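First chain written, first letter: the chains are A, B, C and D, and each begins at residue 1.
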Amino acid sequence: MDPIGKTTWVIAEGWIPSSSHGPEPAMLSHETACLLNTGDTDAHVEITVFFADREPVGPYLVTVPARRTLHQRFNDLTDPKPIPAATDYASVIHSDTPIVVQHTRLDSRQAENALLSTIAFPA
Amino acid sequence: MDPIGKTTWVIAEGWIPSSSHGPEPAMLSHETACLLNTGDTDAHVEITVFFADREPVGPYLVTVPARRTLHQRFNDLTDPKPIPAATDYASVIHSDTPIVVQHTRLDSRQAENALLSTIAFPA
Amino acid sequence: MDPIGKTTWVIAEGWIPSSSHGPEPAMLSHETACLLNTGDTDAHVEITVFFADREPVGPYLVTVPARRTLHQRFNDLTDPKPIPAATDYASVIHSDTPIVVQHTRLDSRQAENALLSTIAFPA
Amino acid sequence: MDPIGKTTWVIAEGWIPSSSHGPEPAMLSHETACLLNTGDTDAHVEITVFFADREPVGPYLVTVPARRTLHQRFNDLTDPKPIPAATDYASVIHSDTPIVVQHTRLDSRQAENALLSTIAFPA
């Protein structure tokens, strides 16, 4: 299949809840960038994270193999440094081949979880 | 009415919760692609499902009749094979006539349900 | 201010929960089309509702005055006929001047409410 | 990085819940416009708030510094006047340099919170 989507995406909302209820990993509070690469070559993706009060951090490097989806939890990004919890952030996602990006959060700070999701902004 | 929308849509997020609380079918945990065909001819739709660790599966064939909406639960897709629960996936939706696609999940793993929804990405 | 937006919008998801918990009207389960008219003339809006198994119903006529927002609950549309609860539907929203449309549901069938929202599809 | 996004954004949905449960500020019911300025010059932003039954109010002035994100709670806008709770509103966001805007609500009126989020409409 041809690669579908755009090479630059933006998620202006970011906030990793600092606590969780329920069994991990499914119920761990998390923020995720869902990346889909429909094409026949691997997508090399750079994520840059922006904050309210400090310089951007990144790029975080992830690969979405050909014809695969990668649901990348921001919680799991560690290189160059972990993203602090309970901190406002935003992200820009660049890929060397078109991909599609959707943003999701599961917030399990309370006994009952809450969800949000939106398509990212295709720049 | 003229057919409104696009012929290719992408939902980069996909995850069917593996358990539910409450009376079925309304409270069954599910993921849905809401398809609207405003036109005067039937829309023949092919859904291809992408995974993190295996080749894509599909096409799943569904028809949205003229001037109808179809809220297709991914849970209910069985041919060529069911989509496993608690597994990251994504989907590409092709139609032979313009349609509009919106993505929704109801997660009733816990006593109180959670919802998410977003317009799909129009390619 | 100039009128901002588009004259045709689509909400492919629609489903009014059939029960509610909590004080009305705030906690009544509802689906809403949030319409914003930034322009200096009234917007005359026609909403057509599509179903899974019957012909479309409409138009429902609403007016968004100049420089006003109208958060129109689908629950409150009665002419030409009420929209049944617990029934899949979708909607097309036409305006004679550009507007912006966002879709929201509050589901209070259970003790704790759930929310969803997405920008509608600008055709 | 080049400034990414648009200079005009619209959020057609707006409603600040009138009560909250849980520790503030995280669990305070709120509506937020998440603004991201990827560029190398500050973004000077004007927010105009529209209502159902009165003239628009604004502009509210906020600055998003270069290479920063600002998650602006509508609850915290006070000049020219606070936005009333439990009142339908909508907003138009103008910036003098491209930004990206995403809309989020946390509703903690009940014991368990609910979330919604969507990309704003890029005009």
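The rule is simple: a residue touches a chain if its C-beta (ideal position, glycine included) is under 8 Å from a C-beta of that chain, and two chains touch if they have at least 3 such contacts.
Just so it is clear, the structure is predicted and the values come from calculations on it, not from any experiment.
Novice: What rotation angle, rounded to the nearest 5 degrees, superposes the C-alpha atoms of chain B onto those of its identical copy chain C?
Specialist: The superposition gives an angle of 90 degrees.
Novice: Given that chain A and chain B are copies and touch, would you call their interface same or different according to whether over half of its residue numbers are shared?
Specialist: different
Novice: Using CA atom averages as chain centres, what separation in Å is found between chain A and chain B?
Specialist: A distance of 21 Å separates the two centres.
Novice: Can you check how far apart chain A and chain C are, centre to centre, with Cα atoms defining each centre and the answer in Å?
Specialist: The computed centroid separation for chain A versus chain C comes out at 30 Å.
Novice: On chain B, where are the residues touching two or more other chains?
Specialist: Each of 111-112, 114-119 in chain B touches at least two other chains.
Novice: Mind pulling up the chain D residues that touch chain A in the complex?
Specialist: 1, 4-5, 22, 26-27, 32, 34-36, 38, 67-71, 100-102, 104, 111-119, 122
Novice: For chain A, which residues are in contact with chain D within the complex?
Specialist: 8, 10-15, 48, 50-53, 55-56, 86, 88-90, 92, 103, 105, 107, 109-112, 114-121, 123
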